[in-house]
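The next part holds the structures, each set out as structure tokens.
One chain, chain A, appears in both complexes that follow, with chain B as partner in the first and chain C in the second.
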Partner chain A sequence: MRRRAGVGAIQRQKIQQDKFKEKGSEIQENQLEQMTLQMEKFREKLEEFAAKHKTEIKKNPQFRKQFQEMCASIGVDPLASGKGFWCEMLGVGDFYYELGVQIVELCVATSHRNGGVISLEEALRRLNHRRRQDNQISTDDLVRAVKKLRVLGSGMEVVATGSSQFIYSIPGELSMDHTTLLQHAENVGHMTVSSAASNLGWTQERVGRTVDHLLRIGVAWRDDQDRPPTYWFPAFFQQCTTAE
Partner chain B sequence: MDRWYWCNSSLTSGEVVSTTVNGIRLYDGDKKTGYDDGRLTLTNHRLLWRHETQSSSLGLHLSLVVLVEEEAGSFTSSPKLLLHLAQPPHSQPAGPVAASSNSFIKLSFKHGGYSSFHQVLQKAIDNHGWEKAPSLPCNYGKQPGGKAIHTGILGIERAIQAKQEETNQNISHAFEDLKNLMGLAKDMVSLSKSISNKIKERSGDVSADDTTQFRSYLLSLGIDDPVTREAFGSETQYHHNLAKEITQALEDPVKEAGGVMLLSEVYCRINRARGLQLLSPEDVMHACHVMKKLGLSLNLHTFESGVQVVQITGLDQEKVVEATVEVLNCHEVDGVSAGDLARDCGMPLLLAQERLLQAEQCAKAVRDESSEGLRFFPNLFFSRS
Partner chain C sequence: TTTTTMTGFEWPWQYSFPPFFTLQPNADVRRTQLDAWCALVVSWGRNNNVSQIDVTEASSLPVFKNPSISRSLPADSIMVVLEELAKRGNLEWMDKTKRRGYLFWRSPAEWGQQIYTWAQATSHINSVCTLYEISQGDDTINQ
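Take a look at the complex of A and B:
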């Protein structure tokens, strides 16, 4: 249709647009119907799948991981809601949400000791200790469960420092300086302000400020009996003892 | 070779296919036969060999297998399985060879896979499936008549490997099914995207019912759609119901905890109470968000640091601050840290921290930051000036 100037052309254009809109709304209705049908079909398929492989998901960490990755790749979050199909039929939800509860409880129980930072290995060990042999969880399971907990606002997240990963349950962000210092601390186990300053190439004042914050939130402990005072990090104690 | 007999490929009652493998040549003793490049099927009763051009199969009853040995392959030959056989019963139907001097046969695996097949074959033999008495995979030395005795570590190892093999097969089926399922889900994700676009472009033209239905589909599938989320929020009727449920379940515990409870603790408690059909963290958060709108007796409060708590509606913030100041006044000399307040009043550390910060914001408390930690004191600048 050639466009021409003039009122007539404009009117024609408007009529055309209205017609397209109508058609569009028809198509959209059809699309919603189509989606309804597809949802039904999907529900059936999912039920079949669940009947065959539900236990596989519960027992096999590899399979769970594969399942999660495939969901992520198509843009679906099977853990978004307990009301979702995935949870209702496959029971993936119960597995991860229960794990979430256990993680929160573990962090609360240990935070007086480590200030809210616990290594992923220690968490994994403690949680698996309570579970049956054929019901063990993997690192991937733990990371995913913590990711979901973030939304509760207690600052739960998994942070990688150096070679290992830690679960933080401290609200309020930790800056780059804090995490860098923690990374360094993980390697050495304990440090003084001057040792850290020389190793990291920072000023003593910068180290002091950073470690003070960590001290305040309980992630670092200070040994005043030492001259100069040394700083220790309970979250990394396990690493140090195993390293020796 | 005379233990094989002609049969068709149909299974008898109670017979179940275990596995199949291609590229098998049959050997009479050490001699190659003309039966090459066939498909070997293992059931719980027999071995069936068939070439794709033929309609009938060769069958070998598993009860005749005395011992199975492996022969690794070399440059010139493929790996083989050696089967020692017992005498055939007189009732056996006709086979390709009437009589053979060899009492063993070999199966040559041109395309490999002989080791895993061995495991499955061994398991099938041990099971005595043809006797219709499905026994456990490990029959240590119980069989008479010189069958392979599975005693000792080797027997245990074989049993474990057989179980693993079975698990692996289950997993590969599972992965296949998973792939198909995901394909279907992917289609629906793209369909939902196009519907969402339509909604975005023609907002106002789409009926409320349709939108509600669409949003519930998104919830069921776990698709996060920014468009509908911005326009309508994430809360659906489901969350409204959850909000009521949480309020009912946790009103008393929250009161007992001093009127305030951390959201993460709410999450733990409600899930512990439910036992099954647990709620996701997002469900709990969305549900608490709508509490205010619904005018329930609990509502959600978010502090500046991002900490979220559920508290009794109408919790007088003034009173809370006053209570905190009371505690501060008792410790005028040393000050109060978050840990102290948490311990004294029996509240979680995060909450104690927030209370002190809140008091500071109302100018009722002042802070002392040092390397000893963060401590709070009553604001004497105001009260005594």
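Take a look at the complex of A and C:
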């Protein structure tokens, strides 16, 4: 009787498996090599494109946004490193770095009256007002610059509340409750503890706690000449956001 | 949008903000609030040629109330603002009773700075001038 199993058979099986593995690896390696070559070519083309359209990228917010998206789709982040082709060739890093600095300056300058909450719309308006006509920025630029700042640990972030987006430059974190209440505040302009409680389905105590924190950092102000007291928010008060 | 009176005085945004007429509980926020109040009283005073403030009549001064939003600064808060102005050199009490005070649109410190700058520009440093020379002299025609 022939016996399939046996040391010899096992060894032959192993050799066969190894050969398959080797072939598999070979194929994989080839594929990887191919892919890497393709990516290299693509990257080269992208760099060519960037160099050719450098001026356009710097001056046109729409174009800049599309370029960013194109880069993102192949996993390239022109803002990622401070050195290298992207930063040096394009100065894209510089662009967002400088914008980041301007945003910080704006937030610092206005935080005494809005408590560190400024709408993207107001920030855009004020920043573009200071810039030349051929050097305007878009909302997308702002969001990217703030994201970059956030990575650097500056404590800034863009938060979408309600229908608008805001740049928060408040030291310390804002909890979900804070942002939820602010979202509600943006819609109603001003509120009492009980009106907010019933609108949000919270206890009055929870509203009180949340408002207290916002009062402490100057995001909310209290009006005692209303019965019951009402709470207002400079960041959402039209005359404040449009003031000089 | 800013609200402007016939005299062309521009009220700051805070003037339309109801909570501005309530002294805020938090110390830091209150400080910026008082900054705004002091600046408002001084610029309103300058614009309306008000150089004296009587505490008992202060509540009726237009600067401390905004009828369009039905808000007015309560008497004790007005006192806080006046005391703050005194601290900054923009108000000088006429006597210890603190019932009336002179309102200085420029504090003595600010005047000092102005005069010194003028003196530097007209080369009067380390020389002696009379008040007449400073306020009416040839060098001050455009000041």
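Quick note on the criterion: the second predicted complex is superposed on the first by the 185 of 244 C-alpha atoms of A that agree within 3 Å, B and C clash if a C-alpha of one lies under 4 Å from a C-alpha of the other, contacts with A are read in each partner's own complex, and residues count from 1 in each chain.
Note that in this section a contact is a pair of C-beta atoms (placed from the backbone, for glycine too) under 8 Å apart; a residue touches a chain by one contact, two chains touch by 3 or more.
Everything quoted here is computed from the prediction, not taken from an experiment.
Engineer: After superposition on the shared chain, which partner residues are touched by A:Thr192: those of chain B (first), chain C (second), both, or neither?
Structural biologist: In the superposition, A:Thr192 contacts neither chain B nor chain C.
Engineer: For A:Ser119, is the partner it touches chain B (first), chain C (second), both, or none of the two (neither)?
Structural biologist: neither
Engineer: Just checking: does A:Thr179 make contact with chain B only, chain C only, both, or neither of them? Give me first, second, both or neither.
Structural biologist: Touch status of A:Thr179: no partner.
Engineer: Between chain B and chain C, which makes contact with more of the residues in chain A?
Structural biologist: Comparing chain B with chain C, the partner touching more chain A residues is B.
Engineer: Once chain A of both complexes is superposed, is A:Pro234 in touch with chain B (first), chain C (second), both, or neither?
Structural biologist: In the superposition, A:Pro234 touches chain C alone.
Engineer: So, A:Gln225: does it touch chain B (first), chain C (second), both, or neither?
Structural biologist: In the superposition, A:Gln225 contacts chain C only.
Engineer: Name the contact category of A:Leu149: first (chain B only), second (chain C only), both, or neither.
Structural biologist: So A:Leu149 only meets chain B here.
Engineer: Just to be sure I read the superposition right, which of the two partners does A:Gln68 touch: chain B = first, chain C = second, or both, or neither?
Structural biologist: Neither chain B nor chain C is touched by A:Gln68.
Engineer: With both complexes overlaid on chain A, does A:Leu32 touch chain B (first), chain C (second), both or neither?
Structural biologist: first
Engineer: Hey, what residues of chain A end up touching chain B and chain C alike?
Structural biologist: Looking at chain A, the two contact sets intersect at 215-216, 218, 222.
Engineer: Using the touch rule from the top, collect the residues of chain B that touch chain A in their complex.
Structural biologist: 170-171, 173-175, 177-182, 184-189, 191-192, 194-195, 198, 202, 205-206, 210, 213-214, 217, 219-224, 238, 262-265, 267-268, 271-272, 276-285, 302, 305-308, 339, 348-350, 369, 371, 373-374
Engineer: Using the touch definition up top, name the residues of chain C that touch chain A in the complex.
Structural biologist: 1-2, 12-14, 16-22, 24-26, 28-29, 32, 70-72
Engineer: Can you check the complex and tell me which residues of chain A touch chain B?
Structural biologist: 21, 24-25, 28-29, 31-32, 34-36, 38-39, 41-42, 45-46, 49, 52-53, 56, 60, 62-63, 66-67, 70-71, 73-88, 93-94, 97-98, 100-101, 104-105, 108, 111, 148-156, 171-172, 212, 215-216, 218, 222
Engineer: Can you tell me which positions in chain A touch chain C when the two form their complex?
Structural biologist: Residues in contact with chain C: 112-113, 115, 190, 215-218, 221-226, 230-232, 234, 237-240, 242-243.
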